[in-house]
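Okay, handing you the structure first.
Going by the order they are written in, the chains are A, B, C, D and E; count residues from 1 in each one.
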Amino acid sequence: MSSGELVLPLVAFLLAPVAGGLLCGIDRRLTARMQGRIGPPILQPFYDFFKLWGKDTLVTTRENLVWAWGYLLLTMVAVFMFFFQQDLLIIFFVLAFAGACLIFGAFSVRSPYSHLGANREILQMLAYEPILLLAAVAIFLKTGTFMITGVFEFGEPLLPYLPLAFVAVLVALGIKMRKSPFDIAASEHAHQEIVRGVYTEYSGRHLALIKLTHWFEIVLILGFIALFWAQPLWIGVVLALGMFVLELLIDNISARLRWAWMLGVSWVVGVGFIMANMVLIYLAGGAIRV
Amino acid sequence: MPRVTFPFGPQHPVLPEAIQLQLTCEDEKVVEVLPVIGYMHRGIERAAEKNPFPNNVFLCERVCGICSFIHGATYCQVIEKMMDIQIPPRADYLRVFWSELSRMHSHLLWLGLVADSFGFESLFMQCWRARERVLDILEITSGQRVIQSASVVGGVRRDLNVDLISRVREILRMFKQEWDAIIPVLRKDYTIKIRTVGKGVLPHDQAWKLGAVGPTLRGSGWDSDTRSSGYGVYGELEFKAVVESGGDSYARMLCRAREVTASYELVLKVLDSLPSGEISVKVKGFPDGEAVMCTEQPRGEVIYYARGNGTAYLERLKIRTPTFQNIVPLLTMLPGCELADVPVIVLSIDPCIACAER
Amino acid sequence: MGVESLVAILVIMPFAAALLAFGVKDARVIKPLVISSMLVLMVASVMLLMRVVEAGPIALSPGHLWDNLILVLDFALLAYFLYVGFTSKHPLILALAGIQAVMLPVLKFFILPSGLKVQPVLYIDLLSVIMTLVISIIGGLIIIYALDYMRDHEAHLKLDHTRQHVFFFFMVAFLGAMNGLVFANSLLWLFFFWEVTTLCSFHLIRHDLNAEAIGNALRALWMNLLGGAALVLGMILLWQAGETLSIQDLTGFGTVGAALLLPLALFCFTGFTKAAQVPFQSWLLGAMVAPTPVSALLHSSTMVKAGVYLVLRLAPAYEGTQLSVAIAVFGAFVFMVTSIVAISQHNAKRVLAYSTISNLGLIVCCAGINSDLAIAAAIALIVFHAISKGVLFLVVGTIEQRIESRDIEDMEGLVAKLPLLSGIAMLGMITMLFVPFGVLFGKWASIQAAAVPFSAWFPLVVGFLAVGSATTMVYWTKWIGRMISLVSFERGAVVEPKSFLSYSTILLMVAGAVVLSVFVAPLVNILITPAESTMGYAKAFETAGWHLRSAFGLFTPWPLFIAVALALLLPALLVRVKSDQYREAYLCGGNVPGAEVPSFYSLADQSVKIRTGSAYWESLFGERSLTNWINGAAVILLLVLFVGVFV
Amino acid sequence: MMGLITRSRVKSPWIVHYCCGGCNGCDIEILACLTPLYDVERFGMLNIGNPKHADILVVTGPVNNRNARVLKTLYDQIPNPKVVMAVGTCASSGGVFHNCYNTLGGIDKVIPVDVYIPGCAVRPEAIIDGVVLALDKLNLKKRTKVG
Amino acid sequence: MLNSIELSKTDLPERVEALLEEGARIATATCLDLGDQFEVIYHFNKDLELINLRIRIDKGEELPSISNLTLNAALIENEMREFFGINITNIAIDFKGGMLLAGNSPKAPMLKCSDT
């Protein structure tokens, strides 16, 4: 492996939280603008982060904190693997493990709101996991490998072949960004019946950790979206940012819906669309041959 | 199936006020609801016996800061009824003017809160932006945004002049533009319908029997609005009640939304037909005897009962607020709903705990 | 030691030990007897492995005498089943045993030429050896565990006189039968061992002799007899179409002709019944009334594996046919629906049972996909699932004895009460659930295999697999969540009464699950790839640097292990909390200060304890509402499978 | 690092609001602060709703016999450094409800108050002013020496 | 004075039942402390009109609840009992004196003698 191959992903990995934070700042600014407000400065998420870092941490149980670290570190592992262009399936498995840590953290406190949030978080994973796995499979059908390297070696943009899968991934993006209509487990703002659910018991430094993790997650999932147009990559990045803005728009024109609806959408639209996309590729004879 | 028991309130981000529901859920289905109130009880009825009767206007306006003008006006009306005071027609019209503006601001506030409760943040913002217009009118006409203190026993405290009226009309025009943009969203938005249609159904006959009042009752198809009895000058303004028949949260929401429009029209009508003359009469003597007065607040019928004893102090002041009546219907709506619908259903009666607990 | 004696130790010695245990009845004798015979079994299986790795597959053909003995025993078994059907007035059992009792003599005396000798009778390749290792080592550990378990179990039931000798008779004899089953090349022999496992299962399910146990045992019996009947019918058809009863003949020469597909489909059907695939899942769920070691041994680690073993064993024969595709779709369907239904379960053993059926479905699916990668995934799944699920059953059994409940809701806060047991249970679940553990390796490989367009139906298969693996996550995560949810602020571990045999076996197995996962690359190199190649499949993995590189992806076990260990253990060790940082949970400000169990002030200022619980979403995933649908769908899929044979 | 944290603290005040039993007039004005006309999110202020995430406890209304303990609990559940704002006359002193039998008076009877904002009802501008004052006070406070 | 129908305590349930039959519902009830007696006025809603039933009972006397006839009387009666200490029996939803008043609130604060 040449030093360029090593340094570039490493830099990307280190910049990921910065990018994620900035995106969240843009999110808040844009959301405010859409609501007829001015909104906070773009750097607001960083102010929030450092403020939380400098606050006392109140603890309900110690395990709660341990799992929060697990959530962060495992998400970082997934992002790291992503930038080092590893196997997509494994990346999503690691991401699932990270998500489970958040759930375990919420379960390890005897707080009804955490538990309700954790149960809903499980449902969210149930909603987006199949989409992510199947999207990886759909990409595989064109590139012939689950390695991200294969996407770059493929030489063509994937989006023209995978339009339906792309739409499905947007559903997963909405869930991961915790935006309406999918923000059932822990909404970005607290006015929710379960008081931010899984986040309820975190405070101070550990809430900051959770924010940081969220930034990593957003970068990862937007990165995945960028893979749909990896040649040239800048179009992919623009595409991902466009989808990010689209999610914000949807957030601002819809109410939060309930879990059964979310599951229905993600399984019918998400899974259904990707499977239809696979059939189309297969029928068009464009799938890899083994 | 495990049952989950936890408190919903007193401090809860979706509840603007302190009330507690002890919820028992299976999965996310609510199976048992116990209301725990008393977190906001002050003891206003008793305090009203300790103040000279004209001062009670200020206390009554602070039973609830949202419908405060109507509380104050109703208190004045019950005393005027007891003492047989005829107030000037201009005062009556002005009371309707502020009452209907209060109703608009209250309903808009509520629409925002309910939008927030189902996670539609931008609708919340839009509703409250429109509401600021109404508050502007209240401020330029009475001097205060939320607690106007414009009513006194014997009439009102402030008058409108031509200049003010034209400014009010100007602001109302701007309000109408913003409001016309919001209404179709409330009526048609797919996600709002999913969250409100069929949620918290209060059947037609139950609504009456359980004592529901205001939009909660009218949302279940009852044409029952105290303003229809024509108190004050509502008779002259040809008031017609807004009725929806769905009985669910959606119907109650639409009912309130339409009442905003109706109130807007009433305000315009008042401005068009405002009679000239005095705005108050001098009050002589002390109240004696008893009287009861019903008026229509944004949340429904409010009943003031007063008994005087010939001194400056009242013997008894009893305030029956609409939310107090709507709690029992609420308790029948909740069991069987989903946890996610609890905030929507609770808000659908437009609870004002400060009112209910006094 | 000669190969013959090794095989004899693995097959016949358990029967002998079982008879001995049955005869002496004395617990003081049974214990050393069982332990020593299990140790012998384990050693023998390892020796057999070394022999086969060195010298390749072993073919054995015992004399005619043995053939005749097997035949006699066959009839004795069928007669016994008829007797059971008669005494319990169970028409289905009577009918199914009757059909076999008619067809078997027809096959033997009218269809087969007299004096036919299937060559070889036993054929032991690496796939058989892998099964033997699972049977002997995991099975052996489970039986050793059962020694203490049954003592406590009987003490709990307050029996007048012990029935342990009956229990261990069937448990130990079962191991012999399983070994025989995986060695058998002659379908006639396979049939015999197959029926013996049915018998053992029947008796072990009804071991507690209460009405529920007896009823469920009868259900298990008729469903397994249905498989037996299909097996006999398949043999008749097979002989008529291809004049062979040897599995090697079937699988040795690539894909078979169309005429042989129907018997193959019947054999696979037999496998499905034994593996409790939908719509036959009810017998396995009912079997959970048996003492937990039975569930661990027969109903998750070994006997049900015989079903998938048969399907897998025959895979080369139906490679590339529509039958294969149908099997893949069926298996993937079972994988998904059973893990969906498992979400709504709160009986721990039922969750484990559904999870077992689900994983078996995944293995069946892999056999149906029938590519190099899929077969490797199937073998890996057999190994890793057996060991992880064995741990989980045993630990649930012990937990049940401690807390006298198998309800997951009652396991709330178990980490505080039984830290060691719940720690093992959680580790066991994590090995089932997350990367980089072995079961996930299998899942990774199977999704990759299913992603290849092996047929026009592959989107369906891979879709089922993706949804299935997400739902799998749900029930395990909920369960772990229950155990780590502490009930009160006060910490104070209850001293667990630890019996040496139970705990050491569980610990050994869970350690084995972790170690095998770490060493998955050597495992693939030494066992799975050669096993595949003897079956006629190509190498599926490159294992450079202990990474596993398939044609489509890269699995890096040890960097992942390091990363996961750092991510979880470092915080666990380093996070420090001072006592003045503790605050009660957020209860909307209604907290009752200083309450031992979190409570809030409610009506009239009374203190009310909060109650938390897992969600089961019964409105969506309820067993009662879903079972009919999925059974119906499964029947349709099976019909398609049979119809597809003729297309 | 400390400088960064101190600077961030001023830019990110998260409030938790508890209505002790006033008339709602001040509560709706607090909410009005969030809405387009006043938009306090410009200053990074959020109504976070959960004491464990908050920096500023905003209380309206006079404290009464039942909610005194709720107020105390909420205050305890806010991590340091934190400040308390009494919004409105009745939260400051009991105000118009001074002679009601069930009120104890201003919230300073139960928890220490850093900023009093008079007014009945308080105007949003006054609340924003109060938050600025509260942030100055917040900056003077230190974390407790734990964690 | 208010239009009202004076009743004795024993006639109350029958009268309430008759009113409910006619389609009226209870709007509220007002209690007054007359020194050694309580006066309770039940206000009923019908077609935007109020119908008032007035009864007097001695202090300490039991008053049977009408919440079994109409559920929404329950909160009203709970409140009366808390504020005045009237002995109302068999209320359908019983808050045990803890509905509006907390444990450390003054007892029966609306009685004239309880001036503070």
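Heads up, the rule we're going with is that contacts are C-beta pairs under 8 Å (C-beta built on N, C-alpha and C of every residue); 3 or more make two chains touch, one makes a residue touch a chain.
Note that the coordinates shown come from a computational prediction; the quantities given were computed from them, not determined experimentally.
Distance from chain A peaks, on a Cα-centroid basis, for E.
When the interfaces C-D and C-E are ranked by C-beta pairs in contact, the top one is C-D. For chain B, the chain with the farthest CA centroid is C.
Geometrically, the chain at the heart of the complex, using CA-atom means, is A.
We define each chain's centre as the mean of its Cα atoms; on that basis chain A and chain C are separated by 35 Å. Note on chain placement: the centre of chain B and the centre of chain C lie 65 Å apart, centres being C-alpha means.
In terms of their C-alpha centroids, the spacing between chain D and chain E amounts to 39 Å.
Each of the following residues of chain E touches two or more other chains: 98-103, 105, 109.
Residues of chain C in contact with at least two other chains: 577, 581, 583-584, 586-590, 601, 603, 605, 610, 612-615, 617, 619.
Counting partner chains per residue, chain A shows two or more touched chains at residues 35-37, 56-58, 112-113, 115, 119, 189-191, 195, 200-201. All chain pairs in contact, by the document's touch criterion: A-B, A-C, A-D, B-C, B-D, B-E, C-D, C-E, D-E.
Residue ranges of chain B in contact with chain D, taken from their complex: 10-14, 16-18, 38-44, 46-47, 50, 58-59, 61-66, 68, 109, 112-113, 124-125, 128-129, 132, 135, 144-147, 352, 354, 357.
Of all residues in chain D, only 16, 18-29, 31-32, 35-37, 47-51, 61-62, 64, 66-67, 70, 74, 96-97, 99-103, 120-121, 123 touch chain B in the complex they form.
Residues 4-8, 12-14, 28, 115-123, 125-126, 129, 189-192, 194-195, 338-343 of chain B are the ones touching chain A in the complex. Within the complex, the chain A residues that touch chain B are 31, 34-37, 112-113, 115-116, 119, 180-181, 183-184, 187, 189-195, 251-259, 261.
Those residues of chain A whose C-beta lies close enough to touch chain C in the complex are 56-63, 65-66, 68-70, 73-74, 77, 86-90, 93-94, 96-97, 100-101, 103-104, 106-115, 118-119, 122-123, 125-126, 129-130, 133-134, 137, 140-141, 144-147, 195, 200-201, 260, 263, 267, 271, 274-275, 278-279, 282, 287-290.
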